[in-house]
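Take a look at the structures listed below.
The same chain A turns up in both complexes below, where it pairs with chain B and then with chain C.
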Partner chain A sequence: MSAFIAAFRFQLQLIRNDLDYLLDIATAPVYTVIFLSIVEHAGRPDLAVHAVLAPALITLWWQSLSTSGEVIDSDRWYGVLEPLVATPASLYTVVLGRISGVTMLSLFAFVESWVTARILFGITVPVPHPWLFAVAIVVTGFAMSGTAAVMAGLFVRTRTARTFQNSLSYPFFVLGGVIVPVALLPDWIEPLTRVVFLSWSADLLRDTLTTGPVVDPTVRLGIIFALGAVGALIGRKLIDALLDRVRALGTLSEV
Partner chain B sequence: MQTIRVLRYSIINSFQDFSSMFTIKAYLTGWLLRVLAQVTFFALIGSLLGSEEKTHFLIVGNVVAVGAMVCHSVSASTVWERWSGTLPLLFSAPSRPLIVLMGRSFNWVPDAMFSATGAFLIVGTIFGLPMPLPEVLWVFPLLLVTIVTTYGVGLFLGSISIRAPESRNFISRIATTVTMAIAGVNVPVDFFPSAVQSAAYSLPATHGLLAIRAVLAGSTPSTVMGHLIATVLTGAGWYLVAIASFRLFEATSRRTGSLEFG
Partner chain C sequence: MSDDLAVQVRDLVRVFDTRKSFRKPSTRISALDGVSLELSAGEVHGLLGPNGAGKTTLVKILSTVLLPTSGSAHVLGLDVVSQAKRVRPLIGLVFGGERGLYPRITGRQNLRYFAALYKMSDIDAKKRTDALLERLGLQERADDRVESYSRGMKQRLHLARGLVGDPKVLFLDEPTTGMDPLAALDFRNLIRELNDEGRTIFLTTHDMTEAESVCERVTLIDRGQVLATESPRTLATWITRFERIDVQSAGQDVLNTVERLPGVSKLIRRDDGSARIETSNKDAMGEVMRLLVESGVTSISTSLPSLEEVYVSLVGDRGLTL
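Right after this comes the complex of A and B.
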């Protein structure tokens, strides 16, 4: 646990000195303008909830995705990967701690979206179910960290996989229903969306922002948590297997 | 003659760079998939709005936005030249470094054209975008002019990022999202306050997009020509600003000795 917390704090310190880590957070207000201008121009203020929530989810995904791809790579670049692996702390725990630091920071995008909507469009999006909304955000953050751990495990296994890092954004924004609910997608695609935690998170968060009862909140939170936990376990397996292999072959520097 | 030779080698170099980034398979299954998903994402917002007209508007706008996004990658690739440690050598060579820097990112132009054309044809077909013949054939040269002129914007971004290499991704990303927000990509430019409209009309992508929308709407040739001329003029303006900015960087670097070998 201490390794996780140390990695978490270390990542927050890194973020202060690296502009790239703030990239997605800086663009969240612009995405809010894009989505709100679309729904406002169309005369559909009822869709403001979709427009305000989407930039936050996009930022969360993008930030975690880019960090998961960079974290081991940058350690190798700075020559600290070998000493890190030689310490008693698990590499996986360190990676998860660092990703969690970024994930926590990117949750600030929720605040940015709401403030942008208020200041630039005069729109206030109420939160009729504040406690459920808060819990859903925390569980979504957990699921994001778990999913990013899978990506970290995959990205580091093959260098060509890094080529795809930049490509895992919009396909998942569609499958995750970040602005358009997955129920509106073609039927054949819906089973695929259900293994993407974002689709559950986006639907649940939208429901917490509308009046009326939220259906099956515990079950839906449980599914988001479970998908995140499965991701975290797969990520652990991938990173542990990779370490076993490079230790046996003595090729850590080539990771 | 020497200028053309240097420019040609620089452009060849840019394609070599590009081929080290992508295999054809990775490009088609990775990058192109992302581009198609990006335009589809916005097209689906049109479906959410329940308007076929909005869906088609969003598709055309985001096709052009994809082209601009790729052109803005000049911000990063210009910095690669600095990282590779060749700038001091280029500055001491008899030819102008400006020529090299203007050519070394040219790979993004065909990339932008291919990405935008692919998105237009594939996503447009999926969502039933009307493509009347022969008008639709004009879309492709207009798209090319828009991309070539937006490359001038990318060069300007590169001239800024080469001074602050750590901000290369920041600059291109902000430029792309701002373009998506104000350039008439998702809503007409007149939706925004006049100050924002002025900023939007300084971008060639705004005028190029208007030209493409005009062609698809069956507007008169003079209307299309007006937008096309505005695209070329604003693009030329960005090329001039980029050249001035690169020259200033060159002069300052020589005077202060601030260039390093990688």
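Right after this comes the complex of A and C.
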């Protein structure tokens, strides 16, 4: 079995045994209630799509971000990192597999948001382009895992990972156009938003929820995929470099 | 490197820089200072030394999780630095103590995960895991969370994890720490079994009895330097050149005469009337025995010093408590 699949399955096992991992996923309905309440209060039912999609994307980002910061740290804490590094498996592959496991589960937040909107607000958000919507979600999940791998490589170098994680949440929700579409942001921000896969994902997903035709879906999917792949490559470099460094410093097991 | 060697270490140096804050200059601590060592394939080799002697550092370098500062180390002919990826499938690593396992999942799940990291198929991983759980007596609790295991059970699971990749060389870093005496005895028997299967075992320990009972050769290490590498029995002859004699109820006159014999290096009189005579050459042994028998002393026994005595003699009064 490949180390990636082993790590992916292992992460799902860990989650099954310790539901703390799912805490962030549990927040999706809460955000849905908040955003839909704002939309209703403002008398803008046309923004319901934004209000339902945003919590799912927020959960996806936040859950993957938390896991990326904790995978290596928790293995260090349990004293497992050294035995793991001594196996033939690559640490990067293991980290990516575990993050992907969490990312996949986080996609459940989409279901949570839709169900919350239906049950509590009586709002049904239709999906006029179901296949494209499904593909976009899968590609978004891939890009999220790749981006989280970069975060894992960065977080593990700092002893204040939690603070770092917090600072990478809301700014990215803005840059990712999660709630407010990027097109409505000031012009000078736009170049920045275009290197954040989330902005492409959010725009594409919203378009798949509208009745009109979706413009350039293949190109946009390709860009999301490419940004995820670049993230995965950078993550690999960072984690490999990290491993070389801690093996040289002798700090692999330091908590 | 000879094909017969499982491990070869040459002039290995490992220095750690410790910096407590940016304002203070770093301190350099030498954990290994020119260590050279060879293990034959299929050997059980013990590494003995006080805390801070460099035992764990050496194991970490050999198991590829730490880089040396200088010198070289090979496992089964492969360089642990430049060929680490090829070394890893051939070795198993076991640390002692409570940590080193995922506590919130079961013992079986821990093993299955590591089996998968050794790239085993699902079927092979299941077979291997079941066999190891059975062999280490963990089958009944295999599906309980590790956090509910006793220390001894965790230690056995550690060993199972170290064996999951079917290693040719097994590194055990103080594996019996915290085990009760019976469990430690079982553990030693298991080490013999593993050795009978042809595995090379490199064992660091504080336990002299353990080293004496399972190791073919022992390396004594202190302050990052090798003091000696020999069989436990050979090491024993180093501090009392040859055998020593314990006697019961020998009169003071006899003991005084013995003490004056050439070649008798030490005579220890005990409150219970017994005494221990240590000789510094082989000829003295026969002379002492003859004198004791002629003087009517009937309770006489000879022995070699224990490894612990050798160890204390070589390491000095820093002992085992550092």
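Following the convention adopted for this analysis, the second predicted complex is superposed on the first by the 247 of 255 C-alpha atoms of A that agree within 3 Å, B and C clash if a C-alpha of one lies under 4 Å from a C-alpha of the other, contacts with A are read in each partner's own complex, and residues count from 1 in each chain.
Everything below uses one rule, namely that a residue touches a chain if its C-beta (ideal position, glycine included) is under 8 Å from a C-beta of that chain, and two chains touch if they have at least 3 such contacts.
A quick note: this is a predicted structure, and the numbers were derived from the prediction, not measured.
Student: Following the overlay on chain A, give me a clash-or-fit verdict for chain B and chain C.
Tutor: Chain B and chain C fit side by side in the superposed model.
Student: Should A:P83 be classified as contacting the first partner (chain B), the second (chain C), both, or neither?
Tutor: Only chain C is touched by A:P83; chain B is not.
Student: In the superposed arrangement, which partner chain does A:V138 touch: chain B (first), chain C (second), both, or neither?
Tutor: Neither: A:V138 stays clear of chain B and chain C.
Student: Who does A:L12 touch here: chain B (first), chain C (second), both, or neither?
Tutor: Neither chain B nor chain C is touched by A:L12.
Student: Scan A:S37 for contacts with chain B and chain C and give back first, second, both or neither.
Tutor: After superposition on chain A, A:S37 lies in contact with chain B alone.
Student: Which partner does A:V127 reach: the first (chain B), the second (chain C), both, or neither?
Tutor: neither
Student: Is A:T27 in contact with chain B, with chain C, with both, or with neither (first, second, both, neither)?
Tutor: Only chain B is touched by A:T27; chain C is not.
Student: Applying the document's definition of touch, where does A:I234 land relative to chain B and chain C: first, second, both, or neither?
Tutor: A:I234 contacts neither chain B nor chain C.
Student: Quick one: the Cα-centre angle at chain A between chain B and chain C, nearest 10 degrees, please.
Tutor: Result: 90 degrees at the vertex chain A.
Student: Contact-wise, after the overlay, does A:A248 reach chain B, chain C, both or neither (first, second, both, neither)?
Tutor: Second partner only, chain C.
Student: Shortest C-alpha to C-alpha distance from chain B to chain C once the two structures are superposed, in angstrom?
Tutor: When the complexes share the chain A frame, the smallest chain B-chain C C-alpha distance is 12 Å.
Student: Could you give the residue numbers on chain A that contact chain B in one complex and chain C in the other?
Tutor: After superposing on chain A, chain A residues 18 contact both chain B and chain C.
Student: For a test of understanding, state which residues of chain C touch chain A in their complex under the given definition.
Tutor: Residue positions touching the partner: 14, 16-17, 57, 60, 63-67, 85, 88-89, 91, 93, 95, 97, 99-105, 109, 113-114, 116-122, 125, 145, 161-162, 165.
Student: Could you list, by residue number, the parts of chain A that touch chain B in their complex?
Tutor: 18-20, 22-23, 26-27, 30-31, 33-35, 37-42, 44, 47, 50, 160, 163-164, 166-171, 173-174, 179-181, 184-185
Student: Where on chain A is chain C touching in the complex?
Tutor: Within the complex, chain A contacts chain C at residues 1-3, 5-6, 9-10, 13-14, 17-18, 78-80, 82-89, 94, 247-250, 252.
Student: Where on chain B does chain A make contact in their complex?
Tutor: Spelled out, the residues of chain B in touch with chain A are 21-23, 26, 29-31, 33-34, 37-38, 40-41, 44-45, 47-49, 51, 54, 58, 166-167, 169-170, 173-174, 177-178, 180-181, 186-188, 191-192.
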